[in-house]
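Look for subunit A in each of the two complexes below; its partner is subunit B in the first and subunit C in the second.
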Partner chain A sequence: MSLENIVNETKAYYCLECGKCTGSCPISRVNKGYSPRLTVEKALLGFDKELLADGGIWSCMTCNLCKDRCPSNVDYTKFIRYARAEALKTGYTGNCTHGGVLSSLMRIMGNPNLKQDRLGWVSDNLKISEKGDILYFTGCLPYFETLFKDIGVNSLDIARSTVKILNRIGIKPVVMPDERCCGHDLFWTGDLENFEKIAKLNVGLIRGTGAKKVIFSCPECYRTFKQDYSEYVDMDFELVHISEFLAEKIDEGKIDFGSLEEDVTYQDPCRLGRHLGVYDPPRKVISSIQGIGLIEMEHSRERSICCGTSTWTNCDRFSEQIQKERLKEAKAAADTLITACPKCQIHLSCAMKSKTPIDEVKIKDFSVLVASAMGLGDDP
Partner chain B sequence: MKEFDPKIVAFCCNWCSYAGADLAGVSRMQYPPNVRIIKVMCSGRIDPLFVLMSFLEGADAVLVTGCHIGDCHYIDANHKTKNRFEFLKEMIAELGIGEERLRLEWISATEGEKFADMVKETVEKIKKMGPSPLSPKVMQ
Partner chain C sequence: MVDDVLVIGGGVAGIQASIDLAGRGLKVYLVERFPSIGGKMAQLDKTFPTGDCSICILAPKMMECFSHENIDVLTHAEVKGVSGNAGDFRVKILKKPRYVDEEKCTGCGDCVSACPYINLPDEFDMALRSRGNIFIPFLQAVPRVVMVDREHCVKCGNCQVICDAGAIDLYQKPEEIEIHVGAIIVACGFDSFDPSGIKEYGYGRYKNVITALEYERLVCASGPTGGHLDRPSDKKTPNSIAFIQCVGSRDVNHNPYCSSVCCMHATKEAILAKEHYPSMENYIFYTDMRAFGKGFQEYVDRAKNEYEVRYIRSKPGEITEDKETKNPVIWYDDTVTRQVKRLEVGLVVLCTALVPSKGIKELADVLGVELDKNRFFKIADPLYAPLDSSREGILVCGYCQGPKDIPEAVTQAKGAAARAAEVLACLGA
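Right after this comes the complex of A and B.
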């Protein structure tokens, strides 16, 4: 897609140059060299080469804050996504954090011959099945566990807790031994060829299990299935995030919570909040736990601030600054921060380990909190 | 049908294992020609990405070699290699490529025989295992 088409597609020609985007952007606040307005202007004035060569398009967290506030409805997030695909064709890429390991993993998973061995985490007390109505999509969690256990993040606890919760409400979810990563990061860094392969493989595998409902614990997988897969494949199953699913079950009276004396605050992941508009279900579930005080941070819901970096690209000192400011805000509200996204947990925990120390905030995943409130937390 | 001829990528460090491979050569030790050697200055330079990219491009096995622990030319860089290797091995197993396809060996400049033996063993093992699931031979 040429830059002119990108401008037409995202309605960037409506830009009034008001600068609301740059004023809202969490990155522009710490990095004066980055400006969404300038990026759009470059495209409108025909500076194509400069725009594609500019490292700035890889810094964007695609958190949708500017898109939400834009008075002209310019879809900046989409603009960045198309511009990245175009830049990739010209040979430019972002600086891949973790040495590009994670994006290579996804490209490896695009190979249909691969037979993964990813269910090592399913212990005997977790009941899963091979075929059934309800499927739990674990996403990249087994790989995150391997990569990030050295910073003290055990991503697989999220998967274990989710299965435990589902077991308690009488569901034996299907967990696929061979599911692929959802391809979210490939999609957002412009590698659409491999994304399409992964999308088709995943939907085929899910169809094979006969599932009618797919539950996600990761907002990125949820968003990718819900909004982006439809361009490439047809899906005939219902998609739901674990928080929405649990909120529904609470209404039906199927969940008994024990009590948990703790003050917590909740971080809205950008994919779940601004991208999909799921703000209330997680809050509803957390506040139904007896004894828990849910205190909002200064910036929450639509105004929530992102975890500093996205798609494993361009993590730099500015990302760290955003993360630290977010952690300070969390500390001012409560000692424990609940997030519904495994990546928020990884990024914020990483910021806590940085060389200039900050006040310790406990970071817990949503599913892990719910599981411990249901008395399921201790057994491995 | 033609016999399966594995493609193996070996990363060797400039100071020990590459010299080891060189010694195997000048001493005329026989070993199978399936291995493609890539010289790096230090085994600490071997980014996990190099290993994953080798598999992605269709390598049937990857050998990571360097100086013995304590002998590193850059003091302690091979400790980093060791740490990286551990998580890579775990990841390769999860991916289903087969952890036997990734091997770490410390080879000093005097151990030409060890290098030749390592290559022989690996080629035999990989021939038994067959091509990697990511290999273009499987794709066709």
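Right after this comes the complex of A and C.
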């Protein structure tokens, strides 16, 4: 898509150049060279080459903070996504972190003949099915487990906890052995060709299980299915985030919590919060646990600050600065920070390990917290 | 066929239209929802760009209107039904009880001091002051008649005991009045947009973030602080103030239009702060400076050059708060220097959008007239019938038909009065 079309598609021509986006942007606050306003202006003034070559477009967290505040409704998040796809065609790309292993993995997933050993984590005490009404989409958790163990993040605990919770309320969810990554990062870094392959593979696989409802523990997978797959493939099953699912079960009286004496604070993942407007269900579930005090951070809900980097691209010292500020805010509220996105957990835990140490904040995943409040925490 | 006229709304536009019509010898009914006439202009400290004391220039008009033999002023009243056609409208008016006999009350205020319950937010002073269950709407209220807040009144009877005039009637009933008029002028004004939905600016969360209308009451000599700029958190004078423009206006998420007066009232408010406190630092964050009226640009230039007001072209991204000092902290993109900056100030004033007044939809339904897409009254034709509504015999003037300042509202009011007389004359009244 040409830059002119991108401007038209995102209504960037309505920009008043008021600077509300840049004044809101967590990156611009630490990285003086990055400004959403000036990025849009480059496009408006026809500086196409400069814009596509600008590394800044890969730094954007696409967290929607500026988009939601823009008085002219310019969709900057979409603008960035389109600009990246265009930049990619021209040969520009962001700095892939972790040696590019994660983006390679995602591209490999597009292969229909791929054989994965995805279910090694499903121990005997976890009950799953091959076919059924309810499916749990695990996303990249098995891969994250391998990659981020060294920073103390056990991503598969999220998957185990989710299955345990579902088992406790009488559900034996389908977990697919050949599930693919949802393609979120490919979509946001402009690789739409591979994204489309993955979307079709995943939807086909889910159809094969007969599932009517798909539960996600990862907000990125959830958003991708809910908002981005529909452009490429039709879906005939319901999509729900685990927090929404549990909030409903609490209403139905199907969840019994034990007591957990702990003050916690909650990190709104940008995909779950601003992208999908899910603010209350996770709070409702956390607050339903006896003994838990949920204390909000200075920036919460619509004003929440993102975890510092996205799509495994351009993670740099600015990301770390944002993460550390966020951790300070969390610490000011409570000793334990609950995350509902595996990437928030990884990014914030990584910042905790940085060379200039900061006050310890315990970082715990939402599903893991819920499982332990239900007395399911200590099983392997 | 009658030639009486109903004017709805007792702000400066409604008052002016009533006085003009009455001066022509026509009988006018002026209906005002609030217990006093005066409208928003009565709440302002000064007017721009002349710096006149707002109530000082309005009060004589309020009195002239109220005491005019041809004008029947009905306060605390609402129009509930309109039938008929131009030249022959039957109008139902609900006169709500104020639990005080307007004829008997002398406005002495003895009952006000006798009320033991003084803890309700005063509407006129934007809740910056408490009032009792029995109160005079404001110092210069017209009519100067007390009113009882029956929702909160415990009927202790103190006010009845102290009232020599025997004016208090706690069992007063609402009264429905039917009038017969030939034309109707609507001048129901505007309300200030509630900025608490713009979460990033912290209104309602941070005490020292206030709205411009609240600031007007703070800086006004007859206001709750006697004109001292006591900021809400600690009642101390701030060293610096930032005014933020376009809060909820020129914003498609809220109101897409320009409210048209904020660039100038912020300029005036900054000048006032400097006049009250010569060491005050003032900042105005603007999107585009709209100083289009007579004397406006010169006023802005004076603010810059004589009063050292600093104009910053930026719509701030976010306001946070310093937890110790309770100072608001503004994060903004200085679009001129292209730098993201942080500015800590003592007080933030949000220059909120001015929006169609509450209840305008219900009123439009009662009148059988249309609203435009921003919920202001639709006018028949901007060029040839700029004061006619979508229904013959009903005219609209002032802010309720679109953003404008006081002189323009008064100009329209005079036009609407003349137009009403013209409509009646054409109909052969």
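Just so we're on the same page, the second predicted complex is superposed on the first by the 380 of 380 C-alpha atoms of A that agree within 3 Å, B and C clash if a C-alpha of one lies under 4 Å from a C-alpha of the other, contacts with A are read in each partner's own complex, and residues count from 1 in each chain.
Methods note: a residue touches a chain if its C-beta (ideal position, glycine included) is under 8 Å from a C-beta of that chain, and two chains touch if they have at least 3 such contacts.
The model shown is predicted, which means the values in this text are computed figures rather than measured ones.
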>> In the superposed model built on subunit A, check whether subunit B and subunit C fit or clash.
In response: fit
>> Quick one: is A:Leu147 in contact with subunit B, with subunit C, with both, or with neither? Answer first, second, both or neither.
In response: first
>> Tell me which touches more residues of subunit A here: subunit C or subunit B.
In response: C
> Touching A:Gly120 in the superposition: subunit B (first), subunit C (second), both, neither?
Replying inline: first
> Touching A:Ser24 in the superposition: subunit B (first), subunit C (second), both, neither?
Replying inline: second
> Does subunit B (first) or subunit C (second) touch A:Asn111, or do both, or does neither?
Replying inline: first
> Touching A:Val101, do we find subunit B (first), subunit C (second), both, or neither?
Replying inline: first
>> One more residue to check, A:Leu38. First (subunit B), second (subunit C), both or neither?
In response: second
>> One more residue to check, A:Ser72. First (subunit B), second (subunit C), both or neither?
In response: second
> With the two structures laid over each other on chain A, which partner does A:Asn64 touch: subunit B (first), subunit C (second), both, or neither?
Replying inline: neither
> subunit B to subunit C: minimum CA distance in the overlay, Å?
Replying inline: 37
> So in the complex, which bits of subunit C are touching subunit A?
Replying inline: 199-200, 246, 250-253, 287-288, 313-318, 320, 331-335, 338-340
>> Per the contact definition, I'd like the list of subunit A residues that touch subunit B in the complex.
In response: 99-101, 104-105, 107-109, 111, 113-118, 120, 142-143, 146-147
>> Going by the contact rule set out above, which residues of subunit B touch subunit A in the complex?
In response: 47-49, 52-53, 55-56, 87, 90-91, 93-97, 133-134, 138-139
> Which part of subunit A faces subunit C closely enough to touch in the complex?
Replying inline: 14, 16-25, 28-29, 32, 35, 37-38, 66, 69, 71-73, 298, 301-303
